[in-house]
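Chain nomenclature is as follows: A, B, C, D and E, assigned in order of appearance, with residue numbering initiated at 1 for each chain independently.
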Amino acid sequence: ADDVTLQLKWVTQAQFAGYYVALDKGFYEEEDLNVTIKPGGPDIAPTQVLAGGGADVTVEWMPAALAAREKGLPMVNIAQPFKSSGMMLTCRKDAGVTSTDDFAGKTLGVWFFGNEFPFLSWMSQLGIATDGSDGGVTVLKQGFNVDPILQGQAACVSTMTYNEYWQIIDAGLTPEELQVFKYEDQGVATLEDGLYVLEENLADPEFEDKMVRFVRASMKGWKYAEENPDEAAEIVLDNDASGAQTEKHQKRMMGEVAKLTAGSNGALDPADYERTVASLLSGGSDPVISKAPEGAWTHAITDKALN
Amino acid sequence: MGWLLFALVVWIVGWSLNVWLSRRPATALVRLLMPIVFGVTLIAIWEGVVRGLDISAVLLPAPSAIAARFAASTSILWEDFVQTVIKGALSGYLLGCGAAFLTAVFIDRFPFLRRGLLPVGNFVAALPIVGMAPILVMWFGFDWQSKAAVVVVMVFFPMLVNTVQGLQASSQMQRDLMQTYAASPMTTLIKLRLPMAMPFIFNGLKIATTLALIGAIVAEFFGSPIRGMGFRISTSVGQLALDLVWAEIVVAALVGSAAYGGVALIERVVTFWHPSQRARS
Amino acid sequence: MPDPVISAQNLDLTFQTNDGPVHALKGVSLDIEKGDFVSFIGPSGCGKTTFLRVMADLEQPTGGTITVNGVSPEEARMARAYGYVFQAAGLYPWRTIGKNVSLPLEIMGYSKAEQSERVARVLDLVELAGFEKKFPWQLSGGMQQRASIARALAFDADILLMDEPFGALDEIVRDHLNEQLLHLWARTEKTIAFVTHSIPEAVYLSTKIVVMSPRPGRITDVIDSPLPKERPLDIRESPEFLEVAHRVREGLRAGHADG
Amino acid sequence: MRNLVPVLTVVAAIFAIWYLAAIWLNAPWAYDKATRAGVELSAVELVADTWAQDKPKLPAPHQVAVEIWDTTVEKKITSKRSLVWHSWVTLSATLLGFALGTGLGILLAVGIVYNTVMDRSVMPWVITSQTIPILALAPMIIVVLNAVGISGLLPKAMISMYLSFFPVVVGMVKGLRSPEVMQLDQMRTWNANASQTFWRLRLPASMPYLFASLKVGVAASLVGAIVGELPTGAVAGLGARLLAGSYYGQTIQIWSALIMAAALAALLVAIIGLIERIMLARMGMA
Amino acid sequence: MPDPVISAQNLDLTFQTNDGPVHALKGVSLDIEKGDFVSFIGPSGCGKTTFLRVMADLEQPTGGTITVNGVSPEEARMARAYGYVFQAAGLYPWRTIGKNVSLPLEIMGYSKAEQSERVARVLDLVELAGFEKKFPWQLSGGMQQRASIARALAFDADILLMDEPFGALDEIVRDHLNEQLLHLWARTEKTIAFVTHSIPEAVYLSTKIVVMSPRPGRITDVIDSPLPKERPLDIRESPEFLEVAHRVREGLRAGHADG
């Protein structure tokens, strides 16, 4: 069997259920692949792992991938299991935020480490300064959790529909007390959780063939997970070596993730790509990328895998 | 291949130069020069190896690239320096060392406390700081106050243990001498035990300098405003701006070494009488 | 006859250690008169230091009584009756010689003017004038020892307790300091208790030599010296001197044999 | 044993302060909940609430104790939810890193003691090396090592090693230099060669220094292993546990991992202390 | 007459220090014959230790020549001609007494059997038989010093260099060791160079007393002892003894006055 190493963007959780299902159900084995899944974490830059040869393929968000490409690391999107973005800004109404007009003067929690790009381009579209100047917002680098909003240190924090949002709810705040801004709704959504490889590897037909089989099996895993969310969540739990995940949380997460993957058969929609690039290019004085990238995606793999 | 050869040649030249220097009389200049030659050699080898093996800049940038980035980003580096070093590390250092010193003087008066607190203190000192940082960020907010708190926690025990040990350093005979003068405990403290404790106190202060810097930087990983050395390092890794990461590391190393050297210099002035200092001059 | 300066009656001192009790002093009785120069000699560990420490209130006897100037050692210490000179000079390395000598004066609250006046006087006395500004480690061992004697003399203690003050010095320097100490004693009329390991030193210096035996520390012999007050160094080759020395040696040897 | 009463007193005082601090720190959230629910809290209810919150700012000692009990005694030690299993993961990296760090430290110390060039040129850089925030470098080290094909236990152990070699170098340089000139001269009068001097004089003389450094080094190793666990994907180990706890706001889990780590450190230091006592006693130095 | 064991001609030794050069030895010439017991005496810092170290090839003279057994000190050291006894016993605390004594034998590659045979013999010689298994700190200072002498005797060095070996001991123990050393010397016929600060010790032990003056270290007097080889302790109270002692003291005092 051929070896493939997959680097995840984050810790083992239902966000990556498709890959764990494919592994567990033997879909990879059927394609004669021997897949190793490496969990990520707050300190892991999947792009760097890819550059270092620690993985063949990685799950990454498109803004980070494009930024890396401009830094001279030629990453290529070969598949896009997530159709829509799950990112939101979640605010406390009692902190005085009910619309985007209320941001000025507030403190907002943002994830960095390459995840700040969608936020920055949104703010620049709203014309709100993020450098701490008057009339702008105070940005705080959000840690690993949602504490800042619970403790009133920030008016809003970044959340994913499938994860951090529910941590706020679990902590005791109710949906009525919260005001959420989905990036999808604000028209600034960028593509999340695509599969990326290095361009030079794609030139190798053997590698290409491996990826074709990998993507085919992975998508089979995703579709199975969408149809059997509870079983998928169980599989994720079995694979969590940290022993920190709870069943309730993972089942709920799987349900939310299924909504995001539902619209995709695995092939990247060029329109989504263009929207992402346009959003990133408009990043104000310090845009995430300075010119439209070339060759940042390919249908070569999905065309073969899905037909 | 050419660059690898260059690295090899630099290694040989640098080492021979130091061998030659080590045979000179050990003047202050020679003592200063040798580590510099060694450092420059290492940097040149680094440059040669990175170029020779064509190592990707997103894995390990060449020193020349780091230097260029350093020169181009002085304003960012300065802003981060102020946030992390001046506000976080320095205030925490002063607070932590000061509190530890006062605590040491206090518990020194009470053998009961000394025997009870030190073992517990050693246990607490074994708490890994990585674990304390998120808790303290949760308690003290994301700005520099929580970084200072982490630094306080990190420097407190090394300083306490050293000071307590130093206050015990005077010999029985010296304390008996003060007794024969019917000196008060306060007088004994000021005239005998504190001066005697100075070498130990400075030892604690030196250990604390490196801890303070590391603590302030690491704490920023767990939530921070959008400036600071730890913030910059972690976000820049995510953006693959490794040259900026290394520029920050250079700042950290420079500041750390300078602080260490500074404390060592003050130590030399204050404990001029100590044999270890006299031997050197 | 006036009351003795130090009067010990049947002193006992037992240290409680992990290995059981150590009898350091047992039934020690001794009177020291004003102006006496008393040497204590005996094998190592026989309790000489302990006895001196009891006199200075640095150790509490577990039995017997001791009075100093008619009061308890503690009261005498509070009244600053003692100048104590230890085996090692024990000067503070961070203070100059002048500052070291003025240390007890500072503690006892003498005025600045008086401090410098006294420092100058005692440094002169021990022939260290001109070394005020030096640090201890810039001086030879003999000079350091003289500075530590100056320190003990700086305030007006009646009683000088000296625990092997010259133990670490070479013979020539030691001879010299012995001579000077005798002069000083003659001039100031202090009462001196002096511990030594050297028989010639004990005999040369003292008006009274106390020989002690090993544990439990006991006084085995008290020899009143027949030597005159005026003692040139050559006196050590005189028959009287040799005779006293012989008696001390016999006393010591007897102690060793029992022990 | 003399220290037992004072230590217990201090520990009791710490617990008292801890409980009070828990009330003080957790009260705001209790009030917040109460106001939103529209109820008034009595003092007793308040205290009860602050000592029993799910995600308290500061968990009460008994909450941590229960968590530790649940995750050590109640779970099979092979379970991924067992703190014992996670401790073992961290311990294995710690021990490997500690062994490597001690080895490197001793080698460097020997080099520094026997070679003036190394002494003068390397020593200042050994100090500088410790001013570099290794935690910042950890992710990169892992990636770079990965790039050259090293993965698994070793990268974590390398970070452990980086933190633990420093005290060993400093202590061993002191220790190897601790024989007096006189003892070295004695070797010379017997015409002993360098290796005889090393094995028969310098090394045995350095033992007390070595053990003192090892105690510092092993604690540093543990910190290194925990730090090294963060960028390896937070898969397993006390570091992963801390991180996961922090990610999900599980303060009780953080505290139990923390206490476990400190206990592990104390245990390791105690073991080294024991070996030291046995060893030095057999060498007649204790 | 046979060739001298040690022959120094016009030795100079200057240390380069940060404070400028220190002349430790200047124009030192001396012959030591086989079987001599030579004592070196002089004020602190006069170069006694330095001279001994030059003999043992631990220090290089900056001028003059020295031969040992007719060859250079280095060759003599390689041939293991020296047993060196330092002021402090310098036993290794992690080795038993037996192991300490066998240390030089191990280094010189003696067989196990020979090692234990020799250790037993020399420990017997210094009256420490039965203490093989003890650690140094379980012995008194005097016993430690005897062990360190045993160590220097364990291999067959012709020349024993002793640098104030009894400096740290009390007078009674010292007397005893002096007596034993004399016996030992009589039995083994070794050549001994012995540094001391004590005039009686020098006179009691030596066949030849070398008096040195302070920096730059020079030999000011070489006194051949008229005392017989057989020397009971009481000899120290004999007129011959006192006369030699007097001459040594005068020599020393003269040196001090110049310095």
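Quick notes on this one:
Keep in mind that, in the parts below, contacts are C-beta pairs under 8 Å (C-beta built on N, C-alpha and C of every residue); 3 or more make two chains touch, one makes a residue touch a chain.
By chain, UniProt protein names: B, D = ABC transporter permease; C, E = ABC transporter ATP-binding protein.
Just so it is clear, the model here is predicted, and its values are computed rather than measured.
Counting steps between touching chains, the shortest path from subunit C to subunit D takes 2. Among the remaining chains, those touching subunit A as well as subunit D are B.
In terms of the stated touch criterion, subunit D and subunit E have no partners in common. Chain pair with the most C-beta contact pairs: B-D. In this assembly, the C-alpha centroid of subunit A lies 85 Å from the C-alpha centroid of subunit C. Centre-to-centre spacing of subunit C and subunit E amounts to 33 Å, using the average Cα coordinate of each chain.
A straight line joining the Cα centres of subunit B and subunit E is 50 Å long.
Among the residues of subunit D, those in touch with two or more other chains are 57, 139-140, 143-144, 147, 230, 246.
In subunit B, the residues touching two or more other chains are 59, 134, 138, 221-222, 234, 237. Each chain pair that touches appears in this list: A-B, A-D, B-C, B-D, C-E, D-E. Those residues of subunit D lying in contact with subunit B across their complex are 2-3, 5-11, 14, 25, 57-58, 116-117, 120-125, 127-128, 130-137, 139-140, 143-144, 147, 219, 222-223, 226-227, 230, 238-239, 242, 246, 251, 254-255, 257-258, 261-262, 265-266, 269.
Taken together, the subunit B residues at the contact with subunit A in this complex read 56-59, 134, 137-138, 141-142, 220-226, 231, 234-235, 237-241.
On the subunit A side of its complex with subunit B, the touching residues are 42-43, 45, 47-48, 51-52, 64, 67-68, 71-73, 112-116, 130, 132, 138-144, 147-148, 151, 153.
Residues 8, 11-12, 38-45, 48-49, 51-54, 143-147, 150-151, 167, 171-172, 174, 177, 240-245 of subunit A are the ones that touch subunit D when the two sit in their complex.
Those residues of subunit B whose C-beta lies close enough to touch subunit C in the complex are 171, 173-174, 176-183, 187, 191-192, 195, 271-275, 278.
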